[in-house]
Each structure stands twice: as structure tokens, then as C-alpha cells.
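Take a look at the structure below.
Chains: A, B and C, in written order; residue numbering restarts at 1 for each.
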Amino acid sequence: MTSETGAETPPRRAGWTGAAARAIELWALAGGALLLGVVAINAASVIGGVFGAPVPGDFELTEMGVAVAAFAFLPWCQLTGANVTADIFTARASRAWTARFALAAAVVALFFALLLLWRMWAGMLDQREYDYMTAILSVPVWWAFPPILVSLALLAVAALVSLVEAAPVAAGRAPGAGSGPA
Amino acid sequence: LTPAPDGARAQEFTFKLHHLLSAQAPAHSRMLVPWAEQVEENSGGRVKIEIFPAMTLGGRPPELINQVRDGVVDLIWTVNGYTPGLFPRTEVFELPNVFTNDPRAADLAMNEMLASGALADDYKGVEVMFLHVHAGQAMQMRDKLVRTPADLAGLNIRTPTRTNAWVIEALGATPVAMPVPDLPPALQKGVVDGAFIPFEIIPPLKIQDQTAYQVELADEGRLGTTAFQVSMNQARWDGLPDDIKKAFRDASGPEWQARVGEIWRAADDFGIGLAVKAGNEHVTLTPEESAAFAAALDPVVGRWVEEVKSKGIDGQALVDEARALIEKHAAE
Amino acid sequence: MIDAVTLGVGALVALVALIALRMPIAYAMILVSGLGIAWLNGSALMLNQLKTLAYGQFSIHSLSVIPMFVLMGALAAKAGLSQALFRAADAWLGRLPGGAAMAAIAACAGFGSVCGSSLATASTMGRVALPELARYRYSGALATGTLAAGGVLGILIPPSVVLIVYAIITEANIVTMFMAAFVPGLIAVVLFLGVIALYVTLRPEAGPRGERVSREERRAATLGVIPVVAIFALVLGGIYAGLYNPTPAAAVGVFLVWLVGTLQGRLRLPQMIEALKETAGSSGMIYLILLGAEMMKIFMSRIGLPQETAAWIAGSGLTPMVVLLLLLLALIVLGCFLDSLSMILLVIPFFWPVLIELNGGIYQGAEGSGFGLSTDELNVWFGILALIVVELGLITPPVGMNVFVISSLAKNVPMIETFKGVAPFFAAEMLRVALLLIFPGIVLFLPRLLGG
């Protein structure tokens, strides 16, 4: 039957992977809560607009809030295999080969997460040094970066979880165990 | 794409010039392309400037300044106001009652102040080729004719920059921030009652379809303007031989700066011509009516002077110098 | 120096190879373009651009409708609202052969009229309709093909994120673009319904008739849609009455769905949490792809592929119409690999100036122009044609985003079946493109009527 993106039954995870999965889930929900906050600001702005009093700076708060929320969703995507893949060419691949592909994908994700973490750290320092602000509320742009850096660190952790779970299957051990990212 | 080894003849120095507008914008075809061609010609064909319009090298317009600082691209043309807070000194030229009606004089004045070092602290990490402004914010109104500041009370007006937001507030209206592409539908539906933007924006956004009145102060008077820059990555500039630097400098001197002012004036004239042809009413306020606006806007200058004080900038000195230089060049 | 075409084709081959080996599409794009740019212009440049690129891309205001409409869809699904929409359509159409699939198309069109994204439409209506189609024993190909195709109505029927992006690039009037998209969108709905009718005529077992519905049941199903219609009317009505733009409209939509679901007692904390998790999965995936697409765009611009193609076309001496056909064909081919938004972002800045030149300049009137249209009208017409062909990329292999989304919802249907099921809809779309090419008036009459 059908199952839903990002909401499959997760593999049983214990120890550090279990703790990581829980933290990533909570972080994604925190991002969701932020998205609800952005929704509230925009809805309030609409209602305020009808009475001639739109929320000042709703535009820039939306940009910032959605960006931070979207980053918070990335570890959850990695953990639940929500990132789309084309399985059309490898539909008949063995379980071990599927795990090997998943392993390669996890390595790329891990590398990307760490690289972006490093680069966006530098980006945050730039934003602070040059004093970037939003136009209406003069909110410093760098304020958006610390939660994003946490998201990227969690993305690295999620990629590590995928990697650890795919490795035994890829090596031909632990048949039927684990469930790497689809 | 990398500089050819010594001794190679053609195009030893290739530059990527990145900007936000499309290739059919006058800023691209009438300003950036001729400027790049002049540099290439001055260099005897040793320089090649590739222009990438519409953010084709990635990122959003506010990132242009980072891109040139970091060497992601070699040259940029950008709107200073997209990164509020980064160019506090140059902002003086955007103020109402400082910029009044003459983009040519303002261009010459701001580049003179740049050369004298008065604006230098705004541009760390980049080498400015030239600065310029557009012809100034006019009042483009959906269906309400504006003749006095009181006519604007309580209206929603779209704002592009923070100094423009102060202008709107000073006139008793409410500034509404929205991206440029949202403006036509917002005007059509009355989400905003008008926008303070130059006439030059009329053709690309078809503002004439969504407004009834194009209002400016006497003698092409405007409510402030917006500053732009063409800048090069500092390390790239420092590494250029003197004759190549000269090719850039010669293409960007006072003669060119004056020409840029005329280019933007012409684009503005074209825009208002289009609106009038479409049946819109082009209103030029009388000197008396204009004086009422100038009086209402005077506190904006004071607000700015007060605000930049926190950054250790003597705003009043910049205002005085900018006014004096604009006056000098307007008289030429 | 290797020439641009060789480089570009090489990069696309590498991209397809990685995707074929199950590399997530976003990471495949990031990897190929990141390494490509670093190789071309040095790694320092790439590293510097990464300081701001991701934040810049994720904070684009016009994209903020995407997570909001995904959330609205997820909440609506949990609250049973999109279900009600489908049920009502099914109550009227279900007894026809293939009727439940037709109902899915109708429901997709309804959802598309408030949603600016095809992926959100596909995933929202897929969640609702796929289980029903499976219950009616529809063939996997028809069921998933219908929803993958129906999802594109999210873009074809305004509001449409892709159309907004197009209007930004070519400086077209967004209101005009939305008006222009309306009639072609309705034609798409009619053609899709026709495709289903033809499909089940040829293969009756693929789309069995639904159960007989009593008059009372039909009445109940129709009444059940009232909250949905009210929400849709408030959201759409708000946009057209000028109360708000798409992003605030999406926010109002989320709020209203939450209100209805809560009042009906269907949306409690566990459902809210589930909806947020689904939103996180879908939106995170879309945003990561947008980042990958942006990096691909940068790489392609840097090797000069779009510029070179545009220059070649302009200098080729081909007639305007042939050039237009070639451009559309190029978009269809590119659409096999790239997502619609990135294609618009990649190609239009270079193609549109070529068309302007061929037409006779930016201020050219209809008389004496290359296409027999003023440049303004050409802008609108080309925008709708480009919208249709880039949207086709969502359902063409190997990278067909809608097909992927639907496949992730229907794990028991092999993706190849979905691509097979979507093929007849692709054919219908080609017919529609031909219609609009021959009769530009279909696109232009509403803007001419209403815009003056």
C-alpha cells in the first residue's frame, strides 16, 4: 500500500543512533513550529491589512523564518530518506548493492553537510563583520545563522546514521538488517 | 577563462560582471555594455568583460556585494540599498532635499566624494569603478491625485529602501515592503495606493496600466533617490598592471559619470512618455506645492544624521558636502 | 580549452549517471556542479560562494509559499478535507469508467487553483486519491500516471510559482501572466479528462466503474465539500480581491484548514505533529533541490552553454517560428534532467533576449514583427508555452519530479509503470502546445479582454 514521504516506520534505533534520531525529529518539529510562527505573522498581517495595520516587516520575517525552518528540515529528510532518488535504473539491484548506493549517497551528504557547516560559519562571520541588516526592522541577518549551523551539524549526524546503517548490508553482512535511505 | 600566459595577445584579462537586471534593461544595454566596451577599447583589446545579467551566476541580488568581495565574480553592478547598513555614508545621496532633481550632478558629486576619501569606509574589500543614482523617486499613484503631503495621510505606499521608508513615514503614509514583481498586482488590487519609484521603472513593470497619476515636484523634483555601484574585487584590482587599471579609470571618469546621469534621465523620460501616451496624467507640482513637500521631508535628513551618529559618522558634514558638490556640478 | 557544449553535455551525462545510481537528485546536482565550478574556476571561488548561496536560496520570498501550501495540504489531508474534495468529485464522476481518476484530475485542478507548486499538488492529492484508486482496483499505471499528471495542474492553474519567476525574469506583468494561464489551464483539465476516457475505453480493466452512489450519499458528499470550497474561495477570493499576495494567502489557507480541522475534532496534537513531519520531509527535499538547481545554473552559466546556444541561434538565420520550436524542444529535452524552476532560471535569461531580437526589439508592435505579435504579447504567449513545456519535465524520465513524488507515495507501483501511465498525458500536453502555437489567441484573449 502507500506510505507517506518522511513518515515511514523508522528502523529500530538504539544507542547513539536512537538518540540522534530523536534529536533530529525534535529539531525538525522545532522548524515546523517556526513555520507555524511565520504562518501566524502572515495571517496576522492579512487581518491587520484589512484594518489598515499590516504587521511591519512581515516580508523580511517570512524570508528569515522560512529559511531557518527549511534548514531544520534537512536532517529529517536525510534520516527518513525523503530526498528523492530515481530507482528506475536499479530496481532489480540486490539488497547489498542498494545499500552500497545508499552508502555512497550518505558519504556525499556527510561531506556536503560538513563543508556547508564550515562555509556558512564563515558566512556568519562576514554577515556580522559587515553589519548586514533587514530593511524595515533592521534585524541583523547573522541571527539566522546559529540555528542553521545546528541544522547542518545535525545533517552531518543524520548522514553518519545512514552511513552506519548501510555499511553492514553493503559489506554483505547483516542481511535484512538496517534500512538505509531510499 | 583564466588569463592567458604572458605574451598571448588577445584578451589577457577576462572579467565576469554580474548584475541583477535583465539584458533588456536600459541599465544593461545603455550603461553596462557601453562601459565594458569602452574599457575593452581602452585596453587595446587585452581586456574582455563578460556580462552576466539577471543573477545568472547565482545567488540573490543582496549577495552581489559578497560575491565581488570574495572574488566569486570580478565585477558587479548593484543597488546599495539591497544591503541596508552596508553603505551608510553613500546613503547621504539618497536623502530627499539632498538629492533633488539632477542625476548628472549627483553622479559627479558622489564620485568626487569617493575620490576624496569621504565615502571610502563604505567600500572595504572592493574597488569602486563608479557610483551613480537614478533620476529619483516620483509619486506614482493608483487612483489618488497627490498635491499636498496631507493627501498621502494613511495611504499604503510601497518602499524599496529604508531611507525611502522614512520619506513615506515623514509624509504620514505607511511604508509597505514588497518585492518589485509584486508591485503591479498590489497596485491593481489596491494593496498599496502608490509607490515612490522613478519613472524609468514604468516600462518593465507596465506601471502605466496600474496607475492613474505620475506626480513629481517642480523642475523634475523628486523625493530622494537610490545609489548604485559598479565595483571590482579588491585583490583582482590590486593585481592589475597600471595600463589596465588606466583603461578602467579612463572609461569611468567624470565624462562617463555625467553621461550615466544623462542615460538615467533619458530612461526616466522614456518611462513617463510611455505613461502619458497610455493616458495617464503626468502632474508637476507648482513651486509652492513642492515647497510644502520639502518642508515635510526636512526631518528625514535630521533623522538620518542622528542615526548614523551611532556608527561614528558625522552625517551633517556629509550632508553639507554633498549639497555643495551637487550645487557646484549642477551649475556647470 | 574544452568547448562549452562538450563540457555541458559531459556534466549532464555525469548527472544522469549519478542519479541512475540512486544518488538523491539534489546531491547529484550539488556534487556535479560543485566539482565542476571548482575545476573550472578554482575551489576558492566555490567555497566563497557557499558562504551565502544556501541562505540566499532558502530565503527567497516567493518560494515561501511552498512549505506553507505543503503544510496546508498535509493539514487538509489529516483533517479529511482534500478527501472531501475528491469524494465529491467522485460522487459525480465515479460511476463513469475511469471516473475516480477523472475525479482525481478535477480535485487536482481545484487544489491547483490555490497552490503554486506542482509537487505540493501531486503529493497532497496523491495522498488523498491513491488509496481510493487502489481500493477501486485501478491499474497502478493509470492511478499513479493520473496523479503525476494531475499534479502539474498546480503550476498550470494560477497561482504558479514558476510563472512568477518567469515574470520576474522577463519583466512581464504577473497579473497578466496569471490571466493568460487560466484558459490554457482549463484546456489541460479537459484534455486530461479526455485522456482518461480514451484510456479506459481501450483498457477497461485499468479503470473500473465505482460503486453506485445513492442520491443521499451524493448530497452528503457534495455538502462535505462546503468547508473546502469556502476555504478555497476565501484564499483565492482574497488574492483576486486584493486582500493579499500568494504567501499571505497560503498563511490564511493554513489557518483556515487548521480551524476547520480543529472544530471538526480531527486535528489534535498527534495529527498536527504528523502534518509538520510530512511538511518537513517534503519541503526539505524541495529546498535542497532548489539549491542543487541553483548550483547547476551557475555551472552552466560559467561554462557559457546558455549564452553560446543563444548566440548560435541568433546568428543562424532561422525563421522566428523555427527558433521558437527549437527553444521549446530544448526545454523539453532539458526537462528530462532538470526541475522546472531551475530550467526557467537557467534558460529564460538567455533565450528571451533572442526572441525579442527576432521579434524586432523590446518595443515592437504587432505590425511588422517577427511573430505577428507585439513584444509584450510575445512575452505572455512564450511564457505560457515555456510554462507548459518546463512543466512537462516534471513527468518525463529519467528525472520527473512529480513521478518521483507519486512513486514515493505508492511504493508498490514500480516507477516504470508510473512513467508508462503518464505517457498518454504527455501526448495530450503536446497536443495542447500545438494548439497554443497555432492559435496564440487562446492565451491572449483573456488578457486582451480584461487588461485592455
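Here is the rule we go by: a contact is a pair of C-beta atoms (placed from the backbone, for glycine too) under 8 Å apart; a residue touches a chain by one contact, two chains touch by 3 or more.
All values reported here derive from a predicted model rather than from experimental measurement.
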Ask   = Is the way these chains touch best called a line, a ring, a star, complete, or other?
value = complete
Query = Comparing centres built from CA atoms, which chain ends up most distant from subunit A?
reply = B
Note = Averaging C-alpha coordinates per chain, one finds the centres of subunit B and subunit C separated by a number of Å equal to 36
Ask   = Just curious, how far off is subunit B from subunit A if you go by their C-alpha centres, in Å?
value = 38
Computed distance of Cα centres, subunit C from subunit A, in Å = 23
Request  = Would you pick out the residues of subunit A that each touch at least 2 other chains?
outcome  = 49, 59, 126
Note = Where subunit C touches two or more other chains simultaneously, the residues are 51-52, 59-61, 243-244
Request  = Send over the residues of subunit B in touch with two or more other chains.
outcome  = 62, 66, 178-179, 191
Note = In the complex, subunit B touches subunit C at residues 1, 22-25, 52-54, 56-60, 62-63, 66-67, 70-72, 178-179, 181-182, 184-186, 188-191, 203-206, 209
Request  = Provide the residue numbers of subunit C that touch subunit B in the complex, in ascending order.
outcome  = 1, 40-41, 44-45, 48-49, 51-53, 56-57, 59-62, 164, 167-171, 173-176, 240-245, 294-295, 297-298, 301-302, 306, 349-350, 352-353, 356, 362-363, 376, 451-452
Query = Okay, in this complex, where on subunit C does subunit A touch?
reply = 19-27, 30-31, 47, 50-52, 54-55, 58-61, 63-64, 67-68, 71, 123, 127, 130-131, 134, 238, 243-244, 247-252, 254-255, 273-274, 276-285, 287-289, 397-399, 401, 404-405, 407-412, 414-416, 419
Query = Any idea which subunit B residues touch subunit A in the complex?
reply = 62, 66, 81, 83-86, 154, 156, 159, 161-162, 165, 174-179, 191
Key: Residue ranges of subunit A touching subunit B (in the complex, touch as defined)   = 49, 52, 54, 57, 59-60, 126, 130-136, 138
